[in-house]
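We call the chains A, B, C and D, going by the order they appear; numbering starts again at 1 in every chain.
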Amino acid sequence: MNTCVQTLVSPSAAPAVASDGSARRLPGDLAIWFFILAELLAFGAFFLAYAFARANNVELFNEQQLALDRNAGALNTILLLTSSYLVVRAVQAAEAGQSRRAATWIAGGFACGAGFVVVKLFEYVAKFAAGVSLSSSTFHMFYLILTFFHFMHVILGLVILAALWNGARKGRYGPGNMNGIETGAAYWHMVDLVWLILFPLVYVMR
Amino acid sequence: MSGTFTKAMARNIFYGGAVFFFLLLVALSFDTMSGLPKSDNRANLTESVLRGKHIWETRNCIGCHTLLGEGAYFAPELGNVYPRRGAEFIKAWIKSQPTGTPGRRQMPNFNLTEQELDDIVAFLKYTSEINTQKWPPNIEG
Amino acid sequence: MKYSSQSVAMPYFIAAIGLFVGQIIFGLVMGLQYVVGDFLFPEIPFNVARMVHTNLLIVWLLFGFMGATYFLVPEEAETELYSPKLALLMFWIFLVAGAATILGYLLVPYSTLAEMTGNNILATMGREFLEQPLLTKIGIVIVALAFLFNITMTMLKGRKTVISIVLLMGLWGLAIFFLFSFYNPGNLVKDKFYWWWVVHLWVEGVWELIMAAILAFVLIKVTGVDREVIEKWLYVIITLALVTGLIGTGHHYFWIGTPEYWQWLGSVFSALEPIPFFAMTVFAFNMVNRRRREHPNKAAVLWALGTGVMAFLGAGVWGFLHTLAPVNYYTHGSQITAAHGHMAFYGAYVLVVLTIISYAMPLLRGRAANDERAQVCEMWGFWLMTISMVFITLFLTAAGILQVWLQRVSDTPMPFMAVQDQVSLFYWMRLWAGVVFAAGLVTYLASFFVKGESKPLIHA
Amino acid sequence: MRNHESPTRALHHSDHGTPLRATVIWVVLIAATIVTWSVGENGGSGPAVVGLLFAIAFGKGALIILDYMALRRAPLMWPLLALGWMTLVCALIGIAYWKGLAA
């Protein structure tokens, strides 16, 4: 708590020092990290709700989980990871002062994210056609709440990536101005991070 | 720590977050509305029930009672009073108010006609048949 | 006071405090009716007393918000109010309409009042907190629009600060979500569903913007902390409030005929709702600890800190206590709800309005702060009201736990009225705590009349 | 937007690691994903398999947190909060799974 209070008081007080002697620095804007923490808490609570609801209903969850498309889920994991990787390359390019090259990397990241959306939409269409809805079973409810909540985050992330792409194309980012791109990237990695738990939890664990 | 914290970014996150979660609420409300026919007992929403709801409202019943747990906590829950007491008891009870017992909580007499009494009973019956996820825990409400 | 038009806030504040007194009187009446059931029957039945109690609360808080806005926006915008005349006109319209409505509740049977005021044309009455006759509701909308017009025009011609923008967003949201009070479908489930779009999206949504903005304004003034710092935290806090509070609406959709998934959504998001309140407390204490000046108005600082702590306890802790669906299954609509309602409204909204009144009133009366003795008296009022509210909450919680145990959890559940007899001791204790609260309110009122030398006006 | 520049920034460009490091991590992440997927395809179940799944998930998450999110070089509170979240979530999922086995 003390650290947090310290943070509240002055984001620029008393720089701690990393092992290599340079100052420790939180990438991106402090505000996004509060947002990310709140989001992680919300996702975490849903993951645990799923896990404990499953514990009370193992057979139903195991049976209906079989109907999920694991190939689509794995493909989506790869798309998100790759997208995250491309965004890291974009941040690195910006840090090296190559804002326009960063734009290209971001475009790649955006394409992967859009791929995720397309795959997910195919998955949803198939599910809805099979009569899956929020009220059709406890498992389906969790499957839809968790994946749809995440899906909305991907869409918001794509909007942010589009804004970053636009900024990078105009040469806005560089070693002296990393705040915007680091902030957007941090959010995008968070979207990736929660999927890394969501995928094994909902699609694979039995 | 030498982090960055700009007002512009805090503002953007506020607008983004607020719009995002409001849209989510709208989407969920949309889904709820389309699923309601299965739980809200609309098949039994007769003219009599609608008149009963109007009586319920214009006598400010919610000022003492709860209905599906919402209202004031001065008098019993009425969402399940129909299965708890039955139509005749409810009508007789309303007609016999106030009891006038010294020191006890009193309910006004609303001088309802026989038709109005039937309507309020119809409304309470309809309410008791709404799917409330098994609430209240028992018949006492 | 920097702009002469800020003085229109004065009648709003006076009306707010006056109605507050009325609210507490009716609170005491109800407290007594809980234990002496036929008290004042049939002159003032419980449902009438409750309607007056809750409606007065809402109206005086609205007076407080509007007064706060009239005081705050000219100073933030660095310009005179667009139209002080309109503000005064709206004050009288709102006051007369409010008083007429309350008199209508007290003097005319509710069903007659409904007939007289056009409820048969558009039925909106008889729903908790939205009991106002159609005419009053329309009046509220007109007053709100004129008020928003006045404030928006003021802001457009002046400086636009984060505080005034957030405040204005909260006020616009307040007006917009109130429109759902005109929607009253025959389908009870839909009725209840959208009823919460007024009630919940007010108190756990847009009102939090208003509250945070007012608190931020007072903190800037009394601590002298850099505006930039305070405004950034204002954004973070209201972001957290909306992120958790919007889907948090789901905690009202557990047992009213809505789908089961709300139990999960509502539980998860409302479990996070204490976070913004906690942040607000930390924020208030931090800013005061980092203060760059010793403001002579110590009482205002106390109210501001009290707002942070009590809002966190009442809205955050007592809300969390019964917000998880498996718990709420047993506590829904019990005295535990009443306990939460009392402390949350007091902690968050009563205190924030009293905070701005405490800060602004001396300035409106031409001094930086009241005399030492007046402030001591005011602080006594704070402590008496706050501590007695803590006890009201604790007694109601105790009553609620016992009620839930006997009526809901037990294998041989007791009927409602039998349980009420069992818990009457707690109702008596709550009543006495309420009497102390009233004494605190009298002390608070007295502080306005304590004479003494006043601090000279300083400009920040 | 305020341009916040700290004087030490120009001296080091290592906040986000090197492209090579990022690429190696990407390869590891993809390989780990394929392992998780093949477990699912082979219908793997039981405590050992689930333990493996979440050990992999934790490792992947740690890489994302420390390297991609670049919290490795942030004030300690932040990587600890994020990793603490990962640990807590994975551990409680494990407990819930175990509870389901017993039921």
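The definition used in the following text is that a contact is a pair of C-beta atoms (placed from the backbone, for glycine too) under 8 Å apart; a residue touches a chain by one contact, two chains touch by 3 or more.
A quick map from chain label to UniProt name: C = Cbb3-type cytochrome c oxidase subunit I; D = Cytochrome C oxidase subunit IV family protein.
What you see is a predicted model; the values in this text were computed from it and never measured.
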item: Selected pair, greater C-beta contact count between A-B and B-C; value: B-C
item: Chain at the geometric heart of the assembly (C-alpha centres); value: C
item: Chain B-chain C separation of Cα centroids, rounded to whole Å; value: 23
item: Distance from the mean Cα position of chain B to that of chain A, given in whole angstrom; value: 39
item: Geometric centre distance via CA averages, chain D-chain A, whole Å; value: 12
item: Rounded Å distance between chain B and chain D, as computed from the means of their C-alpha atoms; value: 46
item: Interface hub residues of chain B, defined as touching at least two other chains; value: 1-7, 9-10, 13, 17, 24, 31, 35
item: Junction residues of chain D, two or more chains touched; value: 1, 4, 6, 8, 74-75
item: Residue numbers of chain A (touch at least two other chains); value: 4, 7, 16, 23-26, 31, 35, 41, 134-135, 179-180
item: Of all residues in chain B, those that touch chain A in their complex; value: 1-6, 9-10, 13, 16-17, 20, 23-24, 31, 35, 38
item: For the chain A and chain B complex, residues of the former touching the latter; value: 7, 11-16, 23-26, 28-32, 35, 133-135, 149, 152, 156, 160, 179-180, 183
item: Touch list for chain C against partner chain A, complex; value: 232-233, 235-236, 239-240, 243-244, 259-261, 264-265, 267-269, 271-272, 275, 282-283, 286, 289-290
item: Complex contact set, residues of chain A against chain D; value: 3-4, 7, 16, 18, 20, 22-27, 33, 37, 40-41, 44, 47-48, 51-52, 54-56, 58, 62, 70-71, 73-74, 77-78, 81-82, 84-85, 87-89, 91-92, 95-96, 175-180, 182, 185-186, 189-190, 192-193, 196-197, 199-201, 203-206
item: Chain C to chain B touching residues, read off their complex; value: 30, 33-34, 36-38, 41-42, 45-48, 50-51, 110-111, 114-115, 119, 123, 125-128, 131, 162, 184, 186-190, 192-193, 228, 231-232, 235-236, 238-239, 242-243, 246-247, 249-250, 253-260, 262-263, 265, 329-330, 332-335, 337-338, 407-409, 413-417, 420
